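Following this line, the structures themselves.
First subunit A sits with subunit B, and in the next complex the same chain sits with subunit C.
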Partner chain A sequence: MSYCLWCASEMITETTWSNLLSLSQPQKLCKTCKGKLQIITGNRCQKCSRESKSKICTDCKYWGKLLKNNDPLEKNYSIYSYNEFMKEVIAKWKYRGDYVLVEIFQTEFIRHFNTYIKNQMKEAIIIPIPLSKERLATRKFNQAQALTSFITQDKINILERVNSEKQAKKSRMERIQSENPFNLLEPINKPVILVDDIYTTGTTLRHVAQILKDNGCPSVYGYTLIRG
Partner chain B sequence: MKSLSLKSPYDMSNFAKLLTGKLLLRNEIPLGNFMIDYLLKNNLLQSIQPILNKKFHTECLRCGNQKNNLFAEIPCAICQKTHLYCRKCIEMGRVMKCEPLYEWVGKTPVWLKHENPCTWKGKLTEDQQKAAKQIVQTIHKSGEELLVWAVCGAGKTEMLFPGIIEALKLGKRICITTPRADVVRELKPRIQQAFAGISIEALYGGSTDKDGVGQIIIATTHQLLRFKEAFDMMIIDEIDAFPYHHDSSLPFATKRALKKHGSTIYLTATPREEQYSRIVSKKLPHVFVPKRYHNHPLPVPQLKLCLFLTHHLNKVIFPTTFLTWLRNRENVTRQLLIFLPTINLAEKMYQTFKQQTSEYRTTFVHAEDSKREEKVELFRRKEIDILFTTTILERGVTFPAIDVAVLHAGHDVFDEAALVQIAGRAGRSPQDPTGEVLFFHDGKTEAMVKAIESIQLMNKRGGFK
Partner chain C sequence: MKGYWHIPAISVVVAFLTIYFSTCLILFGFIGWILWMYVGKRLSIEVLFASLIFFFFFFNYIPSVTFSVMDYPSQQVERTGKVVSSIKKTPKKIELLLLDFQTKETILVQYFLENNHESLTNISLQRGATCRVKGKMQSPERSTNPGQFDYALYLAKQNITAEMTIASLDDCICSGSSSLSKIDSLRENMQRTLIETYEHITYAWMNGLIFGDDSLISEENIELFRRWNLSHLLAISGLHVGLIITILYFLLVKTGIVTKEKAQLLIMLFLPIYALIAGGEPSVLRASVMALLVMIFLKMKIKMGITDVISLVFILFVLLDKYIIYHVGFQLSFLVSFGLIISKRWLLLHPSFILTLLKISFISQMVILPVQFAYFMQFHPLSILLNVLIVPYFSFFVIPCLFLLLILAPIPFFREFVEALFLQSHSIVLRMINKLDEFMYFPWINGSLPNWFVFIYYGLLIGLMLYMEREKVKEAFSFGIALTVSIMCILIQPYLSSYGTLTMLDIGQGDSFLMELPFRKGVIFYDVGSTFSFEDMQPTEQVYKQVIKPALHSKGVQKIDAVFLSHEDIDHIGSIDFLVKEFEVDEIIVSEFYKVPVKQEQFWKEQGTIIRYVRHNEVISISGHPFKVLSPLRKTDSDNENSLVLYSEFGNMSWLFTGDIGKQTEKAIIQQYKGFEVDILRVGHHGSKTSTDSIFIEQIEPTYALISAGRKNRYGHPAPEVLDVLKKHQLQILRTDKDGAIIFRYQADSDKKGHFQKFIP
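Moving on to the complex of A and B:
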C-alpha cells in the first residue's frame, strides 16, 4: 500500500500495461492533490518563464531597463506556477522541514530538465543556490541541493552565501543594489545552470550570475521549480 | 560533584516552573542558549532521543506515531548523516536525532494551595451537585477516571467548579482540554471569572499565552503534545468529538500529560461506542446528568419527509416543506441555525436564499472560514437572523433562543452523535427553554431514529414524560 505524501490517504496503484512498460516512478501524490499543482503551460515569457502573452514580460522589460540591457542571467526556466496549494507545500517542505516532500517534484523536475534544458546545454555545470551557514544550521537541508540531487549532470558547489536571506522588505531596486550576499570560492569557465526552488523577483539568480560572469563564466541560466 | 543548590547564582525555582512537565524542542524553550547549556551541564535539563527504534517498529516519543509512512529520512547537512524524522507532529517543529526534546529533571516545583479560590457566586442544581460530588471524590483517588455524561445544556462547566476548588485547595495542577480551539477560547474567560485569583493560561495554535506556566491550563488537545506528566487533574471536554477519536496522537498526548497518579474526568453529551461499552462493563465509573440546568426537557427533533430532497439540493432549490415551515414557525422572534452537510452546499443554498428573500439577515460559516469567529459573534449579538453552517457549529457554542433545521439529515456526516448535538443547540436559556428542531430528509436513517430515541430516553430519565 502506498500513501499520498501530502494528505496521507491510501492510494490504489493500478497495474496497467502503460504503468509496467514505462517503468515510471511510483505516484507520490493522490489524484486530488496532484490536480492542485499547476504546471506552467501555454504562453510564457521567453526569458523568465512567467505566464505572459507577450514574449518578454513586463518584469523582464523592467530588469532590462534597470540593468541597461546587460543582464548577467541569460534566461530562467520554471516548471510550476505559484498557487495557494504550492505555497502550503513549500511552507511545509522548507520551513517546517518535511524533507521527503521533495519527492513530489522528482518526476517533473527530471522530465523538464531532460526535455527543455539538457540537450541544449550538455557542457553546462549545475550549481545549487546555497543557504547561509546560519540558515543551514536551523533547516539542516538546502532545498536547492535536494532538487539538484535528482539530476545526473555534473554539479559543483563553489558558492557561499554570507549574509542573511531575509530581503522581503526591500524593494527590488534596493535588493539588486544591496551588497551581493554571495562569494565565489573558485572561478569557472563553463556555462552554468543555477538551480533554486523559486524564482520570485530574480534578484538572487542575478546576484550569483553577476559574480560568476565577473570571474570568467561565459553564460548563466536558471532552472527553478516555481515561477513565483 | 559539588552541590548545585549552594553554588548556583540563579533562582532555579523559576526555571522549574517554566520547564517542568514539558517536552520541548530547543527553540521552544524561552531561554537563551547560554542558559540552556548551563541547565544541561548541571543536570537540571536533559535531552531525550525523540525517535525510538523498537524491534518491529519505529515510534515517535512526542506524538506516539507508529505508522511507517509518517516517518521519513533526511540527509542532515550538519551531521552528514541520514536521520529519521516524524512527519505526523512536524507542525509542532521537526523531531529527529540532532533535534531532540528537552525535559526538566531538576526539583519539581510546588504549586500553591488555595484555601478559597472560587469567585463564582452561582448555585448548582441538584443534578449538577450530584455530578460535582462524584468529581470531587474522583480527585481523591489515585489514578481514577470518571465519565460525566451530561445532556447538552446541563451546565457541565459549572459542575466542574467544586472539583477544581478541591484540587486547588490541595495545591494540584489542572488541565482542561478539548480538541477545538473555539471551545478553549469560550472557556478561558468563564474559568478566569470563576477563579479570579488563579494563574490560568489558554493554549491553542496562535494563542497569546505561550509559556504554559499557569496552575490551570486550558488547551487544545494538540498543545498537550508539549507536556509530560504535568497535571494532577485532567478534564477532557467533548471526549467524543471527531478529532479526538479520529487522531490517535490526541488520546496519547492527554495520557502522557497526566501525572502517574493523576485523575481524569471525561465530559460528553453523546458517548461513543467505545466509552459506552466501558460503562456497561463497569470499567469506567460514570455519572449521568439527564436534565438541563433550567429544568426543562430537551427539544425532540421532528422528522420532515421531503420527496426528491437530494435532487432539489443538487439543483440548489429549497424544498417546499422547508419554506412552509419557515413561514409558520411557532416563534418567529427566534434566530435560526440551518445545518448543511458540506461547505459547498451550505454556500450555494445560502447564496440562493439571499437572492430570493430580503426578509432576513443571513450569512454562512464553515471550518476554514477566516471570519468564523466574527460571524458567530454577529449571530450571538442577534445582528444575523439566519446562519447557514456546516457541522462546525454542532457543539461547543450556545445561543439563547434559536430554532434548528438540518437540511439533508440523511447525509453521512450527520451521525447519531452529531444529530443529538445539533438538536441540543435549541432551548438553551431559561427565558426560552424550548425551540423547534427539524430534520429534513428524503428517507429516514438509523442515525435519525437513534438520535430521537436517545433524546426521548434522556428526557424520560430526567423525569419528563
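Moving on to the complex of A and C:
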C-alpha cells in the first residue's frame, strides 16, 4: 500500500494500456496533489525559462543592460512555476525540514534533465549551489545537493558560501546589488551546470557563474527546479 | 498488492496456457517480464512472490483435458448419482449433469422429446437430488474433420466424459434436492407464467434476455447475431446487470420506498439470486459478483481499483471451479471486461455518446479477435459499426422493455400495449439487420490464428491502444495499419502457400471430396453428400452445417470454383443446395445423363451457378487443373452405373474418382482404356460388394484405396469381400469410418510425392 507524500491519502495505481506491459513507476503524489503542481509548458523565455510570450523576457533584458551584454550565465532551465501549492511544498521541505518531500520531484527532475539538458552537454560537470556552514547547520540538508543526487552525470563540490543572510528575506534590488558570497576552491576548465531549487532573480547563479568564468570555466548553465 | 492484483491473475492465465499448449515458453516470457519489472523497481517483492506462488498453485490445480473413449455396453445400464446442474429444458431435449457416486465421473444425461407437447412432470427431478437413472451410455463424439466442432472436447472441458440417453423420464428415480433448487423452481414458475401470458416471439426474447436461455430464439436470428458479432447481447452480462441495478435503485429510492442504504443492501441481497435466475452462466456470474464486491468494498470504505476487483473475481472463479477457465463464455466475458476496464482513460477522453459507444464496440471486438477466430472462424469488421446502433437499442429499449413486460405480466391492458410496441419495433430492427446482412456481409473467414501470431496481435493492439490513450495520433495510426496488415497477411496465406490439399471428408454414410489447389488457385468438390430423413427422403442440413461449412471456413474458403456431382443420390449431392446458397459456387459439373430437376436448376441459376454437362473422354480444366472424364460411356438404367468417373493427377500421383459405379462399369472402363493405371483409387460405392472387382484392381494396380463409409452403417459398407480383394493386392486402405477425414498434402512444382494423413491418428 502506498500513500501520497503530501496529503497522505491512499493511492492505487490505475492500470491502463500505457502501464499494462511496462508497469508504471511507484507514484509519490496522488492524482489531485500532482495536478496542483504546475509544469512550465508553452512559451518560455529562451534564457531563463520564465513563462513569457517574447523570446527574451523583461527580466533577462534588464540583466543584459545591467551586465552590458556580458552575462556570465548562458542559460537557465526550470521545470515548475512557483504557484501557491509549490510555495507550500517548498516551505515544508526546505524551511521545516521535511527532507523526504524531495522524492516528489525525482521523476520529473530526472526526466527533464535527460530530455532537455543531458544530450547537449555531455561534457559538463554538475555543481550544486552550496549553503553556508551556519545555514547547513540549521537546515541539516542542502536542497540543491538533494536534487543533484538524482542525476548520475559527474558532479563536484568546489564552492563555498560565506555570507549567511537569507536571500528570500531580501528585496529584489538588495539581492541584485549584494556582494558575491561565494568562494571557488579550485578552478575548472569544463562547462558547468549549476543546480539549485529556485531561480528567482538569477543573482545567485550569476554570482557563481562569474567566479567560475573568472577562473577559466568556458560556459555556465543553470538547471533549477522552479522558476520563481 | 493493491493496484497490482491483475499480475497474479495473469499468472493464473499463464498457468492455464502452459497446461493447454503444453509449452514453457509463455512461462519463461512471463517470469522474464515480472523479474524485469522487479529489477526496474516497478513491482514490489510481494507481488513478485504472489505471482509465482499463484502460478505454481494453479499449474497444479487446473486440470488438463483428457479423453478416455470407453466401450459401453449397447444395452441399458443403471447409474446412481447426484444431480449437479439445473435441469435444462429446451424444445428438443432435457439435460442434466449427474455425478456418479461410484465412478466419480460426470455424466450428461439427456432425454430427447418425442414432440413439443409432451407433458414434463417429473417433479422429483431437481438440482441436488440423488437419482437412479437407467439408460444407454455412450462416449461423446470426437471431431473427425478439419474445422468440425469437437463435442467430446467441449464436454471434456467441463469434466464430462460420458453421455447417457434415457428413453423415458420415468427412468429417473430421484429424491431430495439442494437449496438452490428453490431458485430453479422459482425460475421455472416465472417462465411458465410468462409463456402462457405472451406470444411465442416475445417470450423467446424474454427467455433469452431475462433467463439467459436462448434456445427458443429462432436459429436464423441466432445465426444472424453470430454473423454480425452481436451474440454478446444474447449472453446476460455486465450490460444487463448494470441496467438492472440502475432500474432497481431508481425504483426503490426515487419512489421513496426505502432509504439509499437499504436500497443498496436489498440490491446486494438480490444480485446473487438474480444471477441464478438468469441462468448462472459465467458472464452473468462475473458481472453480478463484481457488482457485489464493488458494493461491499464501498460499504466497508475499502478503496479498491476496478482492475483489482475483476482480477480477484477471476482468481476466485477459477478456484471455485477449476474447469471454468475452459468455458468460452468465461473467457470472452473476462477478456472483454478487462479490455474495457483498462481502456477507461481512453474512453473518458473527449466523451461524446456516439464516440464512446464506438470506442466500446471497437475494444470489445478487438480484444477477443483471436478467440473469435478460434471458436467461430469468422470476424466481421463492419459489425463494430453495427454494434454502435444495436447495443443502445438493446440497452435502452429491448432489455428495459422485457423487464417491464415481466413486471406487467399480471396487468392485462398495459402488458398488451408494451408487447405490441416491442414486437413492432423488434421486427423492424431485425428486418434492418437482415437487409444489411444481404448486402453488406463481408466477413473475414479463417480458422484459428497461429499461436505465434496471437502474441504479435496482442503486442500490436497494446501499442495501438497505448498511443490512442496518449493521443499520439501518428504512432497510433502506424500501429493500427500494422495490425490490419498483419491480419491481412494471415488471411491471404492460402494464396501464397505452394501446398495443395485433398480431403476426403468424413460425412458418415456418403461422399464429399474437397480439393484445394496450390496458391488457392481453385477449390473443387467431388460430391457433397448429406444424410436424409427417412420420413420424407429429403436431404438434411446436418452434414453441411457440421462438416462441410466448418471445413471450408476453417480453411478460409468463401468461393468454390466447381462442384462435380457424380450421380443423383442424396448421399452424394444432398448438401449442394445449402452450399450454393451460402457460398459462391461458379459451376456445377455433371454427366450428360444426369437429370437436374427443373426447380433445382432454376435455384442454381438464381444463385449465379452455371451447370456444365460433360461426356466421356472430355478433359475439363478447372483453374488450370485438368480432369479427364472416363465414364459414363453409355447411358444405363442405373444412376449408380451412370456415375461421373474422373481421372486426375495431384502431387505426382494419379487419382481415380469412381462415384458409385458397379463391377459392370469397372469392366467397361478397363476395356475402353487399356493399360491404364492409377496410384490412388477412391473405392466405388463406399466399398459395397457390388463394386471393386478383383480384375479391375489387377488392371489399374492402385497403391492406396480410399473408402468413405459411415461408422457402423446399416449397409455393412465396406464389405469384407472388397476389403479382402484390396488386402490381397496389398493396397493401403484409408477409410473415413476408422480414420476420420483423409488428408493428402502435396507441393506444387515439386518432384516429391504428396503424403496422406489421417485425421484420427
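Everything that follows uses one rule, which is that the second predicted complex is superposed on the first by the 207 of 228 C-alpha atoms of A that agree within 3 Å, B and C clash if a C-alpha of one lies under 4 Å from a C-alpha of the other, contacts with A are read in each partner's own complex, and residues count from 1 in each chain.
Criterion: a residue touches a chain if its C-beta (ideal position, glycine included) is under 8 Å from a C-beta of that chain, and two chains touch if they have at least 3 such contacts.
Computed from a predicted structure; not experimentally measured.
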**Asked** Regarding the shared-chain residue A:Lys61, is it in contact with subunit B (first), subunit C (second), both, or neither?
**Response** neither
**Message:** By the touch definition at the top of the document, which applies to A:Asp98: first (subunit B), second (subunit C), both, or neither?
**Reply:** first
**Message:** Just checking: does A:Asn142 make contact with subunit B only, subunit C only, both, or neither of them? Give me first, second, both or neither.
**Reply:** first
**Message:** I'd like to know which partner A:Ala8 touches here: subunit B for first, subunit C for second, both or neither.
**Reply:** first
**Prompt:** If you stack the two complexes on chain A, which partner ends up touching A:Arg111: first (subunit B), second (subunit C), both, or neither?
**Reply:** neither
**Touching both subunit C and subunit B, counted on subunit A across the two superposed complexes** = none
**Message:** Which stretch or stretches of subunit A touch subunit C in the complex?
**Reply:** 1, 10-18, 20-26
**Asked** Mind pulling up the subunit C residues that touch subunit A in the complex?
**Response** 2-4, 6, 33, 37, 41-43, 303-305, 307-308, 341-346, 462, 465-466, 468-470
**Prompt:** Where on subunit A is subunit B touching in the complex?
**Reply:** 2-3, 8, 92, 96-100, 136-138, 140-142, 145
**Prompt:** If you look only at subunit B, which of its residues touch subunit A in the complex?
**Reply:** 27, 69-70, 72-78, 85, 87, 90-91, 93-94, 98-99
